[in-house]
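This is the structure I have questions about; it appears just below.
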């Protein structure tokens, strides 16, 4: 398709990357219902690994089948489908060329009790290449005492991926001994996570919708001194997007736990209003019956299209 | 032998793998009494390493001799024989071409006390190739605090094995500080382990027969809300098979501790009824006198053939 | 875009390739005016290297500028643009995501006199990856005494490219001491070149329109004995396509020397009638003024669309 | 299947090879109609590359399609199917597990005029692994001035193949400036080629049926002094088999040019009588209509079964 | 220094290169008298290697000393100093940071008689890095039968250099069996050499001032048909610059043999008038007494500054 000015502008922010990385970013942005808008909705399905199969798929048992999700991503007009190695292996051949794939290169489960959270690296850049992916995915837990190992594993992967033309989509989820439970989604902490992700070289940053809470005492002083607005979700989203290189990195937001449709769409509207580049919507999509999921994803895309 | 439609169907689930991996999966499924049925019974003998020689072999002292097991696998019509490096080295030359071999690439012993369980990697993909194996075996302990090291070692092995056409048979045994003793074989945990194994890229997944127990509070809510049946073993097996990509990964069950023949066959019947692809039967086979072992394995195969 | 049945069918012929190769073949087939038809028109511009700048670009001096060709490929609705390293470096960044690129990995010039023709390898698979290409290009001269060196260099490149998900587009141009001048485009020799290219593992094969001449005495006997029709160009094209695995490899035809529009379109009609998958059209496109080139390429695409 | 004493005996001659090589030799011998007899009939189809498509496939045009040959090998009960990279890529995925594959790693065409014959290396051991092959194939031309390059390329391939458990099937075809036309199939030269192939480490040696002619003066003296019988084909075959380590290497014979059925079967009877391990039959099989080819291959197998 | 628009424009033509390559190109263009103009004068001293010491240095014996040339380059306001390994090793430490250095990675001498000219590779990219160079230099002889070896050696060097941020300055000197003596500097051949250099990925191209002669019959037709002007040196320079990607690659001209000052400056004026980006001036500079050399280089720079 012809390149829109907006996509060209976004690509211009990644000037130091080679044309291969840019071509894959362009593929990501030029696919699906939101093609050309610079906005994106990604379907991620790593919950089978992260939360277990029953919790993830029993609400809509079709989701036990890996093909269900790839087909849902195609039919709903998503920009991409992201999943761990096994789920992608199960569909990459049949869906080759139908939907941009993102290989989640690390994953965690809830069976192990780990003092400091850190996901296991469960795939490699070579896997992403042979499966025909347009990018790699990785999760960091800023706040974890295992931070260095996570950032350093990422460093190697991001470097290797850039070299062969693959951008990195980074899940930045604050978590660990350094943070209170509320702090994990605090406005200052979420924005900080976005900044860290951008500094680590991420091309697309996924964060959670920030709550109206400031976790860090030093940050609190600044938020108050300069009256940074945090009252509405769109305020907080705006601060997060600004924190990702003044909006020059693609920042998208997760929907979090499954919730009611109205509540969800209201949240997405706030996110879009705050300048977000899109949503990454897993459970809220695949745990609904397929017709409802298609409707919901379509509505979400409409919100971003009109934003 | 001519390919049956069922074997062709099973191979179609592994579309992203190269023809070498598929050819070896086909060899595994086209050998022995169950050839062509898509079902399999594998004889694994790693107990000498895992539990010590006397505990493993004194009940039937012929088992001290590595050749005993290879011959038993051949004579009983098993699909494959799986063992650690030493046991395979002792028989691979003499039995070349007689029985598909699976090299167990990591093993544990009961001498060391380890806070968080993790097996030692005791072989490599090159070993599997020079010994003429059709696949590699590996054990993970979901629930262990050493999870990441285990998954990451596996990641390298599975990648290298795929590249040279060898499928991976993954023993997924929940264990570790994250789980209660009962939790190790809980229905939710066992199904979760099957899901993790599939997401990690395993081609054949070996789990234990799940008990009627739900370990995780979050899972319990879902099992109750959606009334997932767990009362009978076949119910629980069905959930585990569904949890392995909706039955699109080969899932087989261990027999666990040695037990009486009737009890064992009753258990196998339930496993087969639940949709399992087969059994992996070690102690229950080789700790019996050879004629009884042959009879038992034959009976087990008959159950799967008729399932 | 949604996959058409025809593209799915073509991809099914490449079953042994990994999903990455298939995804890039799909991108090639799902771009431009002919997207989804399984037909393709590629713009190749290596004549600056092969014939020198004045001979190549003076007829339409805009062509001295590398951007001219990339833009022409985009605007005319071509499936891809193929060129040597320098020409692609000059446009890959600006055109990232706008047009599938094919990096020509070997090239020849007319300054050196070589007893046996062989192109120099002037790029590598890593270059293709960092430039975001969907495939690599390579030229063989069957009939050259340097055959082995050419095929062996190719073998390494094709193997490395397959591994990272890049298909190979192979220019098969018979030439060398083993052939008369007429023999270079003889029907038997051209078909033989297509067969060799397919056996070497090429995914897309580019040959010249074969003439009504049989070069090899042994082949002549067979053509006569079995009355293989060679009278019309479409007859000869049909034999070439059949010779590329019974039509199960993508075979496209070059336009050869610049010629009149009517003559050219008549030739393309015959090529399309013979079952060709498309055309690769360089000089006949870029040596015309831009409006004429756009018109011509559009007419060529129309012929293939209606074939 | 259970190992026969004959197969065990044959494997015992390859004592220094690792179990992987032996397992693949066993697979080769335990497949098809001749399974377990230690005899073998292999279908090789490299003539498209070696002689061109029309000469190879026009007599039975179904043969233009790569699947035709794989299916013919399966249906006729051949022990294996051997072909160059392209032909195997076209079928390896669909036929995975149905027929042992041998990847021909070097190939020649008749377009180039080369002073000293030498095939181009067109594949690698890694290809054989990812395609699930049971062995590699290679052609040497003893008598060529390019001998050293050929033997040395082979040395690397054979070494690498042994390491990963793949046996080597060696086509030993005397040819080159060192030999007269008659000398290429002389009894002394053919036996010498078998000896060279065995010394180079080949596991299976393919030679042409030797003629009643002695090429080398020094050899002639010995043949006469010791009255080595060469009058009948079976005499000459016996000498060749003896020359391959006193019959301790598998020696099989090609059928050569397509010929009449009676003549061919008479020749095979002589070959079998002389102690050959089997036939490799390409053109005589695939250039006949399929029913005739199946009948012929069946008759050939019957001769070897009864020998 | 602040970037001028002209330097920014030139850098924009190298969009696919990483920022490291661009930063070094910028250093090259932002040094010395011509800093910021996009023009450059480089002092190359490889004649000691290429022609022998007496021929090179006796006219001005100070030139026997490597420091003489580095100091001359600094004092005259050159953009860079280019030399083989030994000459750079002798000065790189002392002059670190004073003048951009270019390591000539291949060199030839006049002692060996070679049928087909090819320089020896005498340094590596690692050398250029440890010596603090801003780029690598390399000489190709289009027209030589050794063309492929030269281009292929270059391919590896250029790839490695780009990867670590070093641009390539390519001396393109047509020479070899394919060309007459006059042809080496023919207008068509020189322009062709510039095109080849650009296609090979060179960042800066150095060619000789072309003579009013057309070497190739096919090119002659085109020059005549389209009336490409070749009468004046500036005409011919203009064609060469156009042939290097329509002026989107930096093309500089050598002075060739030592000659009188007036003649030289007249030639430089023509070169500048034709749109050249500068001169590379060796013998004409260092074989003059230092004050004259400084005067001459200053005059040359003045010409380019005013062009």
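Residue numbering begins at 1 within each chain, and the chains themselves are lettered A, B, C, D and E in the order written.
In this section, a contact is a pair of C-beta atoms (placed from the backbone, for glycine too) under 8 Å apart; a residue touches a chain by one contact, two chains touch by 3 or more.
The structure presented is a predicted model; accordingly, all values stated were derived computationally and were not measured.
Think of it this way: of C-E, A-C or A-E, only one pair shares over half of the C-D contact pairs by residue number, and it is C-E. The pair with more inter-chain C-beta contacts, choosing from B-C and A-B, is A-B. One simple way to say how far apart two chains are is to compare their mean CA positions; for subunit A and subunit B this gives 35 Å.
Separating the centre of subunit D from that of subunit E, both taken as means of CA atoms, is a distance of 58 Å.
We define each chain's centre as the mean of its Cα atoms; on that basis subunit B and subunit E are separated by 67 Å. For subunit D, residues touching at least two other chains, in rising order: 92-93, 126, 130-131.
Only residues 15-16, 18-19 of subunit E touch subunit A when the two sit together in their complex. Across the interface of their complex, subunit C is touched by residues 2-3, 7, 11, 18-27, 29-30, 74, 92-93, 96-98, 126, 129-133, 163-165 of subunit A.
Residue ranges of subunit A in contact with subunit B, taken from their complex: 48-49, 51-55, 57-59, 61, 64-66, 84-94, 107, 109-115, 118-124, 126-127, 130-131.
Subunit E makes touch with subunit C in their complex at residues 13-17, 142-145, 147-148, 150-152, 155, 159, 174, 176-179, 188-189, 191-196, 198-202, 216, 218-219, 222-223, 226, 228, 239, 242-243, 245-246, 248-249.
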